[in-house]
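Listed after this line are the structures, all set down as structure tokens.
Okay, so chain A shows up in both of these, paired with chain B first and chain C after.
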Partner chain A sequence: MLDAARPRVGGHRVRAAAVRLRRFASVGGEVLRNPTTLAGVTIIVAMVGMALLAPVLTEPNVPDPYQMPRDWGALNEPPGTPDHLLGTTQHGGDVLYGIIWGSRTSLRLSLIVVSVTVAIGVIVGSLAGFLGGRVDEVLMRIVDVFLSIPELIFALAIAAVLGPSFGNIILALAAVFWVKYARIIRGQVIHVKQNDYVDAARVIGDSRLNIFVKDVLPNSITPVAVQATLDMGNVVLIGAALSFIGLAEAGLAEWGVLVSQGQAGISAGRWWASTFPGLMVFLWALAFNLVGDGLRDVLDPRTERR
Partner chain B sequence: MKTVPARAARPIPVKNRNLVTVRNLRRYFPIREGALQRVVGHVRAVDGVSFDVRRGETVGVVGESGCGKTTLGRCINGLLPPTDGGVYFDLGDDEHARLDALTAMPSEARTREQAAELERLDRTHRVDRLRGEAWRSYRRNCQVVFQDAFSSLNPRQLVKDIVGRPLKVYREASGSELMERVVGLLESVGLGRQHLYRYPHQFSGGQRQRISIARALALDPDFIVLDEPTSALDVSVQAQILNLLNDLQRERGLTYLFISHDLGVVRHMSDRIVVMYVGEIVEAGTRDDVFNSPLHPYTEALLEASPELAHDTDRRAGALEGRVPDPARPPQGCRFHTRCPVVTPSCGFEVDDAVRMLEGRGAGLDHLRGVQRRSAFEADLSFDDEEFAGLMVRVLEGPETPAEMREAMIGLTRSGSTVAIRFRDIDRVRLEEIRPAHVTSCILHTGQGLDPGDRHMREKNGG
Partner chain C sequence: MQIRDYVLRRLIILPILIVGTSIVVFALSRVGGSPIGIYLSHEMTQEEVAQLEERFHLNEPLPVQYVYWAAGVLRGDLGWSGVAAAPVTQVFPQKLAATLELAIAAGLVAVALGIMLGTYGGARRDRLADHLVRVFSISGAAMPIFWLGILLLIVFWVNLGWAPIGRSDAALYRRIAHPTNLYTVDALMAGDLRAFFDALRHLALPAVTLGYGTTAIITRMMRSSLVEELNEDYVDAARAKGLPERIVLRRHARRNALIPTVTVIGLSFGFLLQGTIVVEIIFRWPGLGRWMADAVLRGDQATIMAYVLFTSVLFLVVNLIVDVMYAYLDRRVVLGT
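Coming up: the complex of A and B.
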């Protein structure tokens, strides 16, 4: 028997890691077996690849690559023009450049907002669920207040008060999105902490912090992963809506800004300046929703196979 | 499980004889209602329980679901603080005797010195008062195996981490030494090295229960609470786990508290039996005494209800009828009197019984306007009209009402549409030793509050 050999200390770690990796890979394999999820993953890989390779795909604008370059000699050029494959805007901005650097902006926006909101939501929700009692009451009433306002309106209000800038859009979205995670994680924690393995850990005499980190959190986190994936799309959608109504700086290489600035030309037949960036927003949101749904099917405890 | 093998006598180690001492243990759960979550009552899950567990023995706790046996186990494990009374761990023989003397007297009767002595015992031995090193020592020595083998193992941990965790918490071992000890533990429960790197969901129910047992053994405890450890398993697997537990007990000199509703299993496992009903102990004694000559009608009814144990078919106790009473409003007197087949007028008939009886007579409750209680035994029932009140009086006086209840009724008068009803005041029943080391609270045996006029009942019932 292979197992009979006494592995070294490091051997145990490596083996445990391998088992965990295999489990992770099997979940990943299961997710990808669904064709719509696979399509979503493909789109995401393409867009993230585009974002990462932006400086290679286009010449970065100086001094700020996130600002649209201006070619005053080529205003409102249609798609197919040499050097301007997808045409130019009324200010002579290259639409393709806007799409490529806009994917960077979107990736930055969604990663920052989602990681910040997950962190806040998980901390607040865990405290409420794990400690219970007064702490729970106070935190959840705050959450209720936030939840009672529609997220777009709320983000709009915050961004409007703070003034138009892309940084403020990030802030506004973060202020809106954390609430959902607090709700989700609280419900999970309350459910999970009733399991006998939590009591077994208490009987062993492990610390509350250890019990939370080893027993409660890992078993509560999956719905958060699903929601976070969906929100990677939603954040960009709402972010684009906010920039569309003018809450980002004009001239920013951002899809919502491009749609907004191009829409004036639609009636004059200059459809390209709005349509291509709009399509990108749609694809981005669609792709993350497809993957989120696929993840939910695989990870949802109700469908989890023992 | 029909044949009960003789249990080999185990040598008792020269340590303290009493490992766990439960004294007047109460655990109430508040019932909250309304927007302000006001406490409107208490579920008395455990309501004044006392017994000892001696080193090396197995004490079986039996009772229907909801009788408080799991809550009792959780209090002993230190998972729930008691509302009153307490669980004492590893008392010396002298201390045990002192505790008995001190807890037997009402708290206001204690002198200052006696109160200080009790406080000292509480601080050093009562599990919910232990701190620091004493708490750690108790924690290591008192472990648990739960019923649900699926919920008792963290699905995200590997077996090596689950079983090795207690050793890590107390920094007993690390690295390859830790791993070897985990392998040893797995082998002692019939698993092996090949199971180290698996997740709980890769095991069957019986194997998972073995993992739970290995975890409980990791710190080499003296005492393990087994909370229905085999109730969720197939019968064939059940026997394997029970035999494993017996073997481990013999090898390691373990002491068990075995909680179960399955009398067959309890008989197979236990040296002594505690029978619980609605938060109270109704009978306790050695296994053979309780199974062969039960004293309490509830124990008889339980035995009657498990066919393979019903040894004496001409016993009068029939199958258990009716519902288990609400532990938020336990019956007066003997709590079993609402379902007891050999009930006497002195068992604790009360207003609730009369109301429930009228409820059973159809329209009764529709016409009942309100119940004005002066005590549990005395109340005014107001009805819609005089006619109905008169009808109810006739029902309560008539043959529809059990003779014992009629006899317990010392007042029944109607004025207008109100019926005043009064029963004898009955104290709460106490456990008494009827035979050596065999206690019960049934008044047919203790004679507590038994009316001399009821003597004929006692003879009739062969008590």
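Coming up: the complex of A and C.
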């Protein structure tokens, strides 16, 4: 897959790094030539920018900016009201504030869950792949069990045990999402182990750790990057569903919470409190799906461009 | 490996996975502490509490407790549901029927629409219709069901007044018997057309909401495998022999394109299953999903355990059936580990 960029045993490491860097640059260029991917990247840049600039865009609520502010003088204001561009909720929370700080909540959620699950997946997957035998068998059966419970249901059950809070939603998602990475890494380890150059590395005394860092990791980056990109979206999608069900704190500036609370007002014609935050969840997940698909098309030549 | 061996291997692994899942479910339920709480009241003495613990084997070590629980499950004893205020097994069939009716309706919508749209797009590759179909299918994986449901309610319930909420009209419900608890089937069995259309009207929005994501997945698979099939030599051969394009498409290409699509239909079952939770909340559908959501919010462990166990066993069995079917349909599939 990455033959051109694969570092050879001993030496050439600098050159290999340069090759890889150039390859990443060319991948970047190729990915961005696809208009749908470009659209995805644009949305991501806008959303992440909004998350990072949240304190500049709106005045943070005191003491906790992640809590919705409450303006008791402006309950259920429709969009277009001065000071409340997208209207307010039934508790007088500014919908735009919820959207902006909600992007920060979502960014935090997805970054934590994805980095933690990639780390767990790398550890479990490489243990299973390198040690093989019984360890592999046991770890993979655990992976199978985890895959046999649908994601949302599993996360819901875990969050239920831990108690309703956004922190526990993060924990629950981390407990569920590591499985795919473990599979990817294990497959890669077993694949790499079969190559002659790894035997060569063994012969000249390279440690397993060295083999892992030099051969397994670079070769796993592609599938892991694709999966991680897709999961940046999926995590927010499922996280928002969990908070919609009622597992996050009620006043939290989070999109799923806002959709859930806005639901009560729709029969009275107050469509905005649910519609805008839900749209954000959709756009977030859509953007990462578009980019993930684009990455897969370019990085994995086996799948045909659709 | 022979298909028979493959099936056997999968059949041997299945009970192991089910036991593994049940251990996870049991362990999860005990992380939150002893379930003795739901039996306690303020007037109880220490002795009475000890008696209760004895009775439900809660004073034993955890592995022993697991065996008692698993044995109970096998006997059909799933405990007491605090939310339903009844034994889990007593409420389960009725809720299951409601969820099944919803999921089957959504599945039918998804399969029919997905195959149709996928064929339509794939046969018109890179034309406007195809691009629209692709946009739709990409949006499916990213669509928050809870948002879609609310949007549909805003349009069809609040503004147009076309669709009702809930599962049926109360008066029409009382008019007929409910032997199956699938309201559409019950109405047909009673020969009551008004009740039947009422059930359908209630079913329409939740089914479309639940089926949206699955429709998109099926559309996408159908489209891409049709595009692949249309590039095959046998399609050229069929055209060369003078068959009209319509026949080439329907009799040849679409048939083969359906093979991988069948797998996707099976695998999206889990997607459908977990979607019912949110859809049942939004449309006030009295099924398993809403029961589970209530149980989660009120700490009703017995219901949560029963639900997770049931859905994962169902999910495992469906996946097994799909994989075996796929192995039979497409002998080219690699039957390795």
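Following the convention adopted for this analysis, the second predicted complex is superposed on the first by the 280 of 306 C-alpha atoms of A that agree within 3 Å, B and C clash if a C-alpha of one lies under 4 Å from a C-alpha of the other, contacts with A are read in each partner's own complex, and residues count from 1 in each chain.
Everything that follows uses one rule, which is that contacts are C-beta pairs under 8 Å (C-beta built on N, C-alpha and C of every residue); 3 or more make two chains touch, one makes a residue touch a chain.
Here the structure is a predicted model, which is why all the values come from computation and not from measurement.
Contacts of A:Val203 after superposition: chain B is touched, whereas chain C is not reached.
When both complexes are overlaid on chain A, the residue A:Asn219 reaches chain B alone and has no touch with chain C.
Put chain B and chain C next to each other and count what each touches on chain A; the higher total goes to C. Using the contact criterion defined above for the overlaid structures, shared-chain residue A:Ile149 touches chain C, although it does not reach chain B.
Of the two partner chains placed by the overlay, only chain C lies in contact with A:Thr36; chain B stays clear of it. By the touch criterion defined above, A:Gln67 reaches neither chain B nor chain C.
Shared-chain residue A:Trp271: touches chain C; no touch with chain B. Within the superposed three-chain model, A:Gln90 lies out of touch with both chain B and chain C [touch as defined at top]. When the two complexes are laid over each other on chain A, chain A has residues 306 in contact with both chain B and chain C. By the touch criterion stated above, chain A contacts chain C in their complex at residues 36, 141-142, 144-146, 148-154, 156-164, 233, 237, 240-241, 244-247, 256, 259-260, 262-263, 266-267, 269, 271, 274-275, 278-279, 281-282, 285-286, 288-290, 293, 304, 306. By the touch rule above, chain A contacts chain B in their complex via residues 1, 3-4, 6-9, 12, 15-16, 19, 23, 195-197, 199-206, 210, 214-215, 218-219, 306.
Per the touch definition, chain C reaches chain A in the complex via residues 13, 16-17, 20-21, 24-25, 28-29, 31-32, 134, 138-139, 141-147, 150-151, 153-154, 157-158, 220, 223-224, 227-228, 270-271, 273-274, 277-278, 281-282, 292-293, 295-297, 299, 304, 307-308, 311-312, 315-316, 319. In the complex of the two chains, the chain B residues touching chain A come out as 74, 77-79, 136, 139-140, 142-144, 146, 148, 150-158, 160-161, 165-166, 169-170, 175-176, 179-180, 193-194, 196-199, 201, 212, 215, 219.
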